[in-house]
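Shown next, in structure tokens, is the structure this report addresses.
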Amino acid sequence: MTLRRLILRRSLEILVIFFLILSGLFFLFHLAPGDPVSRMVDPSMSPEDAELLVSQLGLDQPLWLRYLYYLKNFCTGDFGISFHYGRPVVEVIGERLPNTILLFTTSIILSALAGISWGKLVAWYKGKRVDTVVTITSLVCHTLFLPWIALLFIWVFAYKIGGFPLNGMISPELWSDPASGWFVKALDILHHMLLPLLTLSIIHVGEYLLIMRSSMLETLSEDYILTARAKGLSEKRIRNRHAGPNASLPVVTNVGLSLAFSINGGALTETVFTWPGIGRELIFAVSNNDYPLALASFLFISIVVLVANLVVDVLYAYLDPRIRY
Amino acid sequence: METKSRPTETILNVDQVHKTYQDVRSLFRKSALTITALNRVSLEIKRGEVFGLVGASGSGKTTLARLVLKLEEFEAGSIRFNETEIRNLKGKDLKAFRRKVQLIPQDPYQSLNPYLSIHDTLLEPLSIHKIGSRDTRTKIISQSLEAAGLNPAEDFFTRYPHQLSGGQRQRAAIARALVLKPEFMIADEPTSMLDASISFNIFRLLIKIQKSQKVTFLFITHDLAAARFFCDRIAVIYQGDIVESGTTEKVIQDPKSEYTRALIRAQPKFSFAKTTRPT
Amino acid sequence: MLKALARKSHTLERFLEGWSLFYENTVGRIGLFLLLFFALMAVCSYIPPLIDPMYHPMTGVDPEVFRSTPPSPTHWLGTDNIGRDLLSQLLTGARIAFLVGITAAFMSIVFGTLIGMIAGYAGKVLDSLLMRFADMIMVMPSLLVVLLLSSLFGQLNIWIIVLLISLFRWPGIARVIRAQTLSLKQRPFIDMARVAGASHLRIVFRHILPNVLPMALLYMTFRVTSAIIVEAALAFLGFGDPNTVSWGMMLQWVWKTGHMFQAPYWLLPPGICISLITLSFYMMGRAMEEVLDPRLRKEEQRI
Amino acid sequence: MTLLEVENLSIAYQTRGGVSLAVDAASFSLEKGKSLGIVGESGCGKTTIGMGLLRLLPENGIIQDGKVLFEGQDLLQISEDEMRTIRWKKISMIFQAAMNAWNPVQRVGEQIVEAIRIHYPDYSRDRAVKEVEDLYQLVDIPRNRLFNYPHEYSGGMKQRAIIAMALTCHPDLIIADEPTTALDVIVQDQIIQKIKEIQKELSIAVIFISHDIGMVAEVCHDIMVMYKGKIVEVGKREEVFVTPMHPYTKSLLSSYLTLDGVFDFEDKANETVCQPDTIIDSHICGYIQHCQEADSSCLREAPRWQEITPTHKALCRLCK
């Protein structure tokens, strides 16, 4: 199967899954105890506005019509008005989504790269002291409770030592200053991003490193490694050219499989560091009964996970010729 | 001693059996690849004989065995066992059929459930078919084990597969096939995983069983020499087609098909030894 | 003595062999001792309220304390801002963690094993349907879904949370068990059972189940950790069961009441406990994996 | 001229149960351009010898004692770096057909070119590719398959490509470890013929390891029979085949089924294989449980090497 065909097929599957999630959410919202109208319409709205919104969302129609309205509104990007912000939900999401993608993808890519390269080395020194120390450290890193370690980082680095911002993504005074150029702004974002990034990465590096280590050990007992040895290749070449690429395949698979779990961590990190991302928005919306926002945030988080899954699949097919042929 | 009763009676009749597989990997291609495992294969096995099916891996010989055992379905043709079509067997009839046809598997390391003791493994067919009381069951199990050359049988009751050697496991698998006293046994490359001297003893055991229990054998192998040793008649199968069949001696002495000739040519020659050693 | 007995019983023999391998494993041993420590904590959680009602983790308030106080002879770990004893909260937290972790993990194992075996054994349409369904659940962030549900259905009690966690965490196990079932199905002993006339039910429960059970138990330890983490995160975000104390909830209190910079004695213990209890289950799981997975101890078979 | 001389090679494996001896004081030699077959059951130590010669034992394998003199140089004494220059350039291997000897994510041609360029760093890539193409012609694989992935090859093709790779650096010795197991009978024969042909034409010495005594006899000048880690009989193939001396060799030959019935197998095969193994003193003959010729003296005394002809000898007290 060619790469293009694979992408097409996976995209199709993903569309179906997304459609199911979309429909599932609708029925959840409309069949849960309580009044669906009050969920979608801000109680503080004027009656005329509320009526307009009700007819726009089709909330006065029978269930199946409402469902069609819902699908149509999704396609046109109409998710209603956020109770809290008083603005169309899609605007809020549009602002938040890039921030989440920035933090999330950076941390996943960084930790996958670090996990693969360190795991490769550690496996090579199996049974030595380095191996034991690194393995146990990764175990500890992997099982650290994320919100707690985030609080700890804020307490230590931002409060005790200082030098790191306590929260947010930007320093407002710097951004309102017309004198600061794009480079300063980028640096400012990076400065704010460091602690959340570190938090997210620490959890993932541990996981990926452990997977890479055991995958590497398994690969080293494969027959083609023996061939490589018999060919007279140096150990380093065997490690980097033959064992490494094969061993990293399961790590890639695992990144894909645990993406949904990783996004949980992403949302928690955003919340603790008040990083203006979509995960934090969802948690905030749920706490404040801002249903339109919660619904839309969840949908977009699902889209992020699904697309990331697609990317991982394609990457895997690219790395393993047995998948595409 | 009973001489061959009605030697011409047919026990198994395979008629124009056709079986194809879809290549799973190309399921999403525009034209899904279909592999023909068996191409309108016909053969007839007489009661009491040893029939050999010789072919390379992937030639369809194991597929045929699985069809006869009713482990898989086939598209066209018919398989009749004792004049009964097995294709639509269900429920009670299927159970009765299962009692009469047994399999000696290829891989003794994989054919015994690692979590069952030898006794429990042999007990299972008896309890499925509700044969005998508790005491008679133990007796049947001992007899089967001893018939398969595991002496004394009681020593093996509590053992688990991983505590046995390869040859012993294969004997246990044979004993399991024997507990139901089948009429027809299929041996699917029963020695290909075993070392030469052990596999030779397994052959001898099978011959002994065949003689003493009057079982009909379908013997599946890739090795012409083994087929010659064991079989009355053989059929050579190549890529889903039976290219040749007849009595063993005739096929080997006077092969008609090109493939059979190639098979015979591929056998070790020992030309250096022939001249010095009497046959 | 034990060895003589073991020769008679296959299960016991395997268990003893596995146990000795497990115990030789440093990681496994550390995990086991940590776990025993937490079990002890959970057992001890019943003691403080018996000594004095003011040690009750939820309702007990020290009448002399009006704000969060550091460790003292009467409150070994200090108190929270309304004068509740932190130690007794911490001990109760251990109990809740065990309860949530083990029941949720057990339930997801039961779902996962059954669905995985059915999908793998039945194959064809049922297999693809079940696995697509599993894939769909797998791409849903469980924590966020539970959050969404709790906003729709109101405050969830601890049992509903456990049920929801297990409903969202079975697909991983189902996939593994399905893969194992598929490879078992290829193994000739399944064919042999069919040739002997065994029914599907018999094959699944007598021949496949015992072979996948060790793997299922192994995954249970990993599921315990994820269940504990999800529950703690929920509680941390304020969606826990308000009638129980959990470590996640303690963290939420210290965070929301703004004590995190002033009261390290309050911030540190719950976080350490959550991290360590998940670590201990994880370590046990890793050690078990090495015992169960023959590929990881290949050198033994190679002669 | 002697190419390889192995003296008293003992190799053991470290297991959880302790140290187990896999090869017990093996001594043999091989002339330049000749071929030697090692025959024995699985687990008799034949593969271990092959791996030991190249010092490619698994981590828990220990070479306890002995010398491996290759062109007069003891391979067990040189450093790992020096050993790497010996591997493939002087001694190469043809692996078991059942093994995944190819790295699944690299193109086959790439892997062969790598073997050349490691040992001849001054070769350009094009020159290396050219050489591989010639070798492909030699082993009858179409040139355009060179840069396919391993999974696109059939079993026989993979094996032929392995042979091509083994020849890349013009080695003096090739160790072929069960090169035809798991292949079809006809393909098996093709591979055997190919190895034979190459051995003759390029006059490369070959050590051919197999469980199949018939296969070994097809290819090799000399045959060495192993049982439970010990060499039990050595000789020219005619000698071993026509006048086998060790009871184990006899049983191997008598259980060998052939098309024309060269060997009479009816009477000699033993039925004692299923006796439970009991632990026996290590110094007495390891085959005693299955031996039909053993007498009471075999239980007391260690077996001795008996020389039948200058080239043919067996480790058995009874054969003369």
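Letters A, B, C and D mark the chains as written, and numbering starts fresh at 1 in each.
What we mean here is this: contacts are C-beta pairs under 8 Å (C-beta built on N, C-alpha and C of every residue); 3 or more make two chains touch, one makes a residue touch a chain.
Because the structure is a prediction, the values reported are computed rather than measured.
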{"item": "Higher-contact pair (C-beta pairs counted), B-D versus B-C", "value": "B-D"}
{"item": "Chain whose Cα centroid lies at the greatest distance from that of chain B", "value": "A"}
{"item": "Whole-Å separation of chain centres (CA-atom averages), chain B against chain D", "value": "32"}
{"item": "Centroid spacing, where centroids are CA-atom means, of chain B and chain C in whole angstrom", "value": "48"}
{"item": "Cα-centroid distance, chain A relative to chain C, in whole angstrom", "value": "24"}
{"item": "Computed distance of Cα centres, chain D from chain C, in Å", "value": "51"}
{"item": "Residue list for chain A, restricted to those that touch at least two other chains", "value": "221"}
{"item": "Chain D to chain A touching residues, read off their complex", "value": "54, 56, 58, 84-89, 92-93, 95-96, 99-106, 111, 114-115, 118-119, 149, 151-152, 165"}
{"item": "Contacting residues of chain C [partner chain A, same complex]", "value": "26-27, 30, 132, 135-136, 138-145, 147-153, 172, 225-226, 229-230, 232-233, 236-239, 251, 255, 260-261, 264, 267, 270-271, 274-276, 278-279, 282-283, 286, 295-296, 298"}
{"item": "Chain C-touching residues of chain B, taken from the complex the two chains share", "value": "66, 69, 71, 94-95, 98-99, 101-103, 105-107, 110-115, 117, 124-125, 128-129, 158, 160, 173, 176, 180"}
{"item": "For the chain A and chain C complex, residues of the former touching the latter", "value": "13, 16-17, 20-21, 28-29, 32-34, 132, 135-136, 139-140, 142-149, 151-152, 154-155, 159, 210, 214, 217-218, 221, 257, 259-261, 263-264, 267-268, 271-272, 279, 282-283, 286-287, 289, 291, 294, 298, 301-302, 305-306, 309"}
{"item": "Residue numbers on chain B that touch chain D, as the complex places them", "value": "56-58, 149-151, 155, 165, 167-168, 171, 195-201, 203-204, 222-226, 228-229, 252, 262-270, 272-274, 276-277, 279"}
